[in-house]
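The structure appears right after this line, and notes come after that.
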Amino acid sequence: MQTQTLERMESGVRTYSRSFPVVFTKAQNARLTDEDGREYIDFLAGAGTLNYGHNNPHIKQAMLDYLSDDGIVHALDMWSVGKRDYLETLEELILKPRGLDYKIQLPGPTGTNAVEAAIRLARVAKGRHNIVSFTNGFHGVTMGALATTGNRKFREATGGVPTVGGSFLPYDGYMGEHTDTLDYFEKLLNDKSGGLDVPAAVIVETVQGEGGINVAGIEWLKRLEKICRANDILLIVDDIQAGCGRTGKFFSFEHAGLTPDIVTNSKSLSGFGLPFAHVLMRPELDKWKPGQYNGTFRGFNLAMVTATAAMKKYWSDDTFERDVQRKGAIVEERFQQLAGLLSENGIPATERGRGLMRGIDVVNGEIADKITSKAFEKGLIIETSGQDGEVVKCLCPLTISDEDLQEGLDILEASIKAVI
Amino acid sequence: MQTQTLERMESGVRTYSRSFPVVFTKAQNARLTDEDGREYIDFLAGAGTLNYGHNNPHIKQAMLDYLSDDGIVHALDMWSVGKRDYLETLEELILKPRGLDYKIQLPGPTGTNAVEAAIRLARVAKGRHNIVSFTNGFHGVTMGALATTGNRKFREATGGVPTVGGSFLPYDGYMGEHTDTLDYFEKLLNDKSGGLDVPAAVIVETVQGEGGINVAGIEWLKRLEKICRANDILLIVDDIQAGCGRTGKFFSFEHAGLTPDIVTNSKSLSGFGLPFAHVLMRPELDKWKPGQYNGTFRGFNLAMVTATAAMKKYWSDDTFERDVQRKGAIVEERFQQLAGLLSENGIPATERGRGLMRGIDVVNGEIADKITSKAFEKGLIIETSGQDGEVVKCLCPLTISDEDLQEGLDILEASIKAVI
Amino acid sequence: MQTQTLERMESGVRTYSRSFPVVFTKAQNARLTDEDGREYIDFLAGAGTLNYGHNNPHIKQAMLDYLSDDGIVHALDMWSVGKRDYLETLEELILKPRGLDYKIQLPGPTGTNAVEAAIRLARVAKGRHNIVSFTNGFHGVTMGALATTGNRKFREATGGVPTVGGSFLPYDGYMGEHTDTLDYFEKLLNDKSGGLDVPAAVIVETVQGEGGINVAGIEWLKRLEKICRANDILLIVDDIQAGCGRTGKFFSFEHAGLTPDIVTNSKSLSGFGLPFAHVLMRPELDKWKPGQYNGTFRGFNLAMVTATAAMKKYWSDDTFERDVQRKGAIVEERFQQLAGLLSENGIPATERGRGLMRGIDVVNGEIADKITSKAFEKGLIIETSGQDGEVVKCLCPLTISDEDLQEGLDILEASIKAVI
Amino acid sequence: MQTQTLERMESGVRTYSRSFPVVFTKAQNARLTDEDGREYIDFLAGAGTLNYGHNNPHIKQAMLDYLSDDGIVHALDMWSVGKRDYLETLEELILKPRGLDYKIQLPGPTGTNAVEAAIRLARVAKGRHNIVSFTNGFHGVTMGALATTGNRKFREATGGVPTVGGSFLPYDGYMGEHTDTLDYFEKLLNDKSGGLDVPAAVIVETVQGEGGINVAGIEWLKRLEKICRANDILLIVDDIQAGCGRTGKFFSFEHAGLTPDIVTNSKSLSGFGLPFAHVLMRPELDKWKPGQYNGTFRGFNLAMVTATAAMKKYWSDDTFERDVQRKGAIVEERFQQLAGLLSENGIPATERGRGLMRGIDVVNGEIADKITSKAFEKGLIIETSGQDGEVVKCLCPLTISDEDLQEGLDILEASIKAVI
């Protein structure tokens, strides 16, 4: 494999090519192939972007049909048949069955862009600047979103410009199991000199992906919503990584029965790995005036075509949902065994997750690295997350075959055993 | 045409669908078709995103071939054959022939993301926070980029959060023809109490698109580069709208013979309207550590495939360049005539632009609106820009046929006459 | 008493004249006299500014002598005999006996100015922007200091400009008695994605005055210092209200045996109610270049003369210190009785404080107001603090006579009984 | 003279003691005496703080009388006879005769504090964050005020925290004599994408002291006021250095017949070098709620007593004003001669100023330094200002005797000749 040009020309900012230093050529569902013809099972799947697998044939067909008709690919935010289909399908298959009533904003096609739009809208709607986010939360790295992202790696690479307008509070479980961290939030809200500017909104992931597969409890999430309602604070669920079925429901907040004021989706939203994002908002929050937030690629038509196809294929009934939950249970059980195995061998480890968003926390980032390196050698692409990369995480395609899932898990087990 | 769902569900932030309230179905090169089968000539072309026309068949074929092979669509920033081809082609066909030596960063696939990365890199590299941008400049709306974007429409919709780390200076010509605005910049740089924090970088468009097709003079640009060099300030050319051939050269700064320290491209970079962006930087500026700036859709493979095809088709020699210049001259001449016509009829108007980035400034936004509305009635999609929308601008595909170009210009003339 | 001009001309920002709407004419030690000749015992004493009483004769004499000699009153930051005496006395009587080695900065003569200088110095010295302060902390209201001040009253009156560069953490006891709030601080420091930018410094009051006479435990303070040392974070003790003997030691941090990196003093520093402030810093932290922080009234000579006199009179030995502790014990005992009395009568109340900085927390701001209003009727000037003004606080002159102290406490008791 | 303690203990931030490294003991009107008994004529006078001279006997007497009566020295912002006298006298002798109707805020006793209060009030009143200030303007160094202060010395010593909420525009004459810099301001105000956020207020010095005795033209000031009125922008005149008679009128803006919305005074306001400041505001702008801006030393009573005495002595009629103008003319004439002398000897120099706020611009900071060093040797205390310290400035007491004024000017002439 020829990699010199890649190494020479690409900025030092590159990351995943360091963990997996091969040149990939093609991919199908949960399998990637490199230039030497070697196949890998993919437990990373675009960090949650390929919930329906690589090159999903149903979705691809819709795209090819559209292209062969010279359908509109790029139209700024003009109206198109593709956009209309998308909105109608979203309403019919996703929103209405869940009792949700939202308007939709199509910002630039990335998660950080959706978050920037969401928090700006919240500020405009409430007339307050502060946005509360949580320890270990990740919501993007453009300067507005970065105010809500906890990682020092990004926060310290701004060339000295501090972020403005965000406050961090402890996520569920952050202070140990005996402390409900929302007590602290509530105390601060009621305290006129506690230093917490009354927030316009809280932005939260129900399961933190980059932060280490931290799972917020159902009761904690319900209480968070309640506190927001009681204090006239908007609740934004950033469902960019946990949404689109990853946790076993289309929206991750369905487990807790929440009705967020604003929702952000991206990553798997297009269903095909195409850049795409939207912001959902309760209709009365739509304070935007024409053009107050813009971007060249808002409402990317090809992505709306594939997103529509994905919804029609997988979300017309609950078959897919139940299948994800079934596979999630398989991974959960196996991860618990692996965590047990690690713990028995002197590496304290715990399993956690929801649906097919699961991880094994091995506490130590170096050990986690060894495991994933070994797995890569053996043909499994799997990554770590958490502040020290201490959590080995599984974000495999939701459409993965049972055989590939088993094979992936077997490789992981072998890798863990090799490390022990 | 059924538009109720669109009107009901989409946020009030939508813009272009207000000027062109029809539902588009398909498009080929410079022609769009709406659901009623009506055709329009496209002088907007995705605000400079479709330099090679809608559904360019050469580029589309490359994409279809790639898709039929199950090529990698989404791979975060892992290595792929598509990425390697892109880098090699960019180096071979674009950088080397122009004597440019750059490393490349693939940020999120939007212009604002590229600008955020560029200014952050400049700050990190220079250890200073200030970025100078210019009156009427537009560089995106995420909070970091917004510090360099002049429009109040966006700046006042942040929910009260002021932007941090940007200073605006007068663009070429801003203070009338007898004042070289760089005198002011130079005086401020040399003034220890002038209030201008020594900038890490200057970010400039050589022709301001959103700002009203304002064209910086060649000498002004050269002097700007010189001032930057003399003061250890980085020069960032934001070539998102003016690049990729729009002004008659691949990079708009070639006209002035500049060698920017950092370049941002997006919009037409993919060649097919796909979201894509890159940042080019002098190798010694690559101070990024792994992962310090990230994003899910960085290095969108499908876009790299189409971008490669576009470079191979249009930039292997200077045929295309010369053709753009030829068409630019056609538009220039016709716009001068139209400006003269308007002026004779009591509407003072002037023509300006470079290559196929051209406008007629009719001073008054309402008049400009009337002209473009009339044009839309007659089958031409054309937009305005400038602080009051007072400039009727032509950003037609560079690949437009001579017949369509003439027809578009004829419609514009008829529309202007109708308004007079 | 003629108050029309005062009411008409003075801005609505005025506060204390609303609680005590009389015109005062003169004052001696702990007694104030209004224009009608009525006397009041002063348990407010300039909110801790008049530790040595009103018009302290010893200190006044030094000032009169200086003035009669035409001593320099204002000299910017030039050298004067007054300044030299001040520095020598400070070193001899205060620093050396306590084993402290500090350089001194004379900023503008107010507390907020000292805090601005202190946190700016910390940022310059450490090259980091973040300053940690605590819930209910008060460190001044100019924009730099305000980033460390918790009160919404001030934070929401900035015309929408958010403060930059501060993070709030829970003060000792904030999360209930079973939680050591420094666990949270330590966890955040060790967490690479917890959202806490590594701070340049922590700024803390050992007893929070405005925040409600909240007393940090000795062990908590020691641990805070330890955490700072271990993480290369500077420890700033803001001793503006608690310093100059108020807690029974010259510096309030002596109780915990701390050696802060930076100390701010103001309020009682001049000993006579004159505006004055200084910043003490460990010598190696003095990264200031000439004139990098300035102000017209830095090093106010008259105040240095009175400050010197105060040190010589009260801090040559430990007599004064012991007397303050003795009186503190008197107030403590009485306040405990009063808190008991309130609690027995259905108003849950607790006593707290250190030295002569003491309060009764009656939980409810309206009740506290009733008590202090009643006290004012009866001839006692006493104020509340805390986020809701729920703490009746005693900041009487340290030099108060035992008779006046008893009379003041008797009035307070009578007022409380009247409210019950 | 013993200076070791001073050198050892005082922070490196000290400035004036570097230019004048002697220990001063006493002072009378325009004469300072050092510890060796040497006398100096004072052309610095506290950088404009001692308009009525050192230890002015009339003013001192008022202070001594007040002290001997045990008048209230410190009372937070409670009402006192001293405050009432101050307000009444200010209204009677200063405001009414000039047709001004203002409410008064007594912030902390420093200029920067007054500026922080003024710009915050403007933001609150207008609901906008931006404050326009001018090149070479100086308005203080606390973080809020610093956003309006041009000097890099301070701006670069914030430890990397950028200032927020200020925009700098060119002061009168900044772009050469053929450009009216207000054309630029007006163009930016009318430009929706010029990058200038519509300001809440403009803050301006009519003569820039620290900036180099730059004098705004009368017509420029009038036009500035007009632009502000036309655009609903508040006009703040920062009269901290130029006010209290320095330019030959009590307020420096009287020359241009302005009626600012907000005025800040400090420096000579107390008349005796005591820290003191106030903010004057048009009554309808008083949007402050009780206590929204506070500070321990607001309304320093001793300073109000001396300020009242100063007003009564010097501002009951126009005698003093005319005398200042007379002396101003003497300095002006002499400075013109000296500028001519310098220019003839190869050092291009110009005279400028208004009233007794005058300077000779010798273009080069090193030459200016040589002149003032030589002057100090010869017994004259005189400083430089301007971005490079290139302006030798005279800020002698307004009460200076004609003999001392002549002697000072003679020394300056001799020093200049020595340098030539």
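Labels A, B, C and D are assigned to the chains in the order they are written; within every chain, residues are numbered from 1.
FYI, contacts are C-beta pairs under 8 Å (C-beta built on N, C-alpha and C of every residue); 3 or more make two chains touch, one makes a residue touch a chain.
Predicted model only: the values in this text are computed from it and were never measured.
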Number of hops, subunit B to subunit D, where each hop joins two touching chains: 1
Shared interface numbering between subunit C and subunit A [over half = same, under half = different]: same
Reference interface C-D: repeating pair among A-B, B-D or A-D with over half of contacts shared: A-B
Chain separated most widely from subunit C, comparing mean CA positions: B
Intercentroid distance (Cα basis), subunit C paired with subunit B, Å: 57
CA centroid of subunit A to CA centroid of subunit C, Å: 48
Gap in Å, rounded to a whole number, between the CA centres of subunit B and subunit A: 30
Shared-contact residues (touching 2 or more other chains) in subunit A: 129, 153, 160-162, 164-165
Contact footprint of subunit A on subunit D as seen in their complex: 160-162, 164
Subunit B contact footprint on subunit A (complex, rising order): 2-3, 5-6, 9-18, 20-28, 32, 35, 44, 46-47, 49-50, 54-55, 60, 63-64, 67, 69-81, 83-84, 87-88, 90-91, 103-106, 108-113, 116, 120, 122-129, 140-145, 147, 153-154, 157-162, 164-165, 200, 240, 266-267, 272-275, 279, 281, 286-297, 300, 302
Subunit C contact footprint on subunit A (complex, rising order): 129-130, 133-138, 149-153, 155-156, 160, 162, 164-168, 170, 174-175, 179, 183-184, 187-188, 191-198, 210-211, 386-388
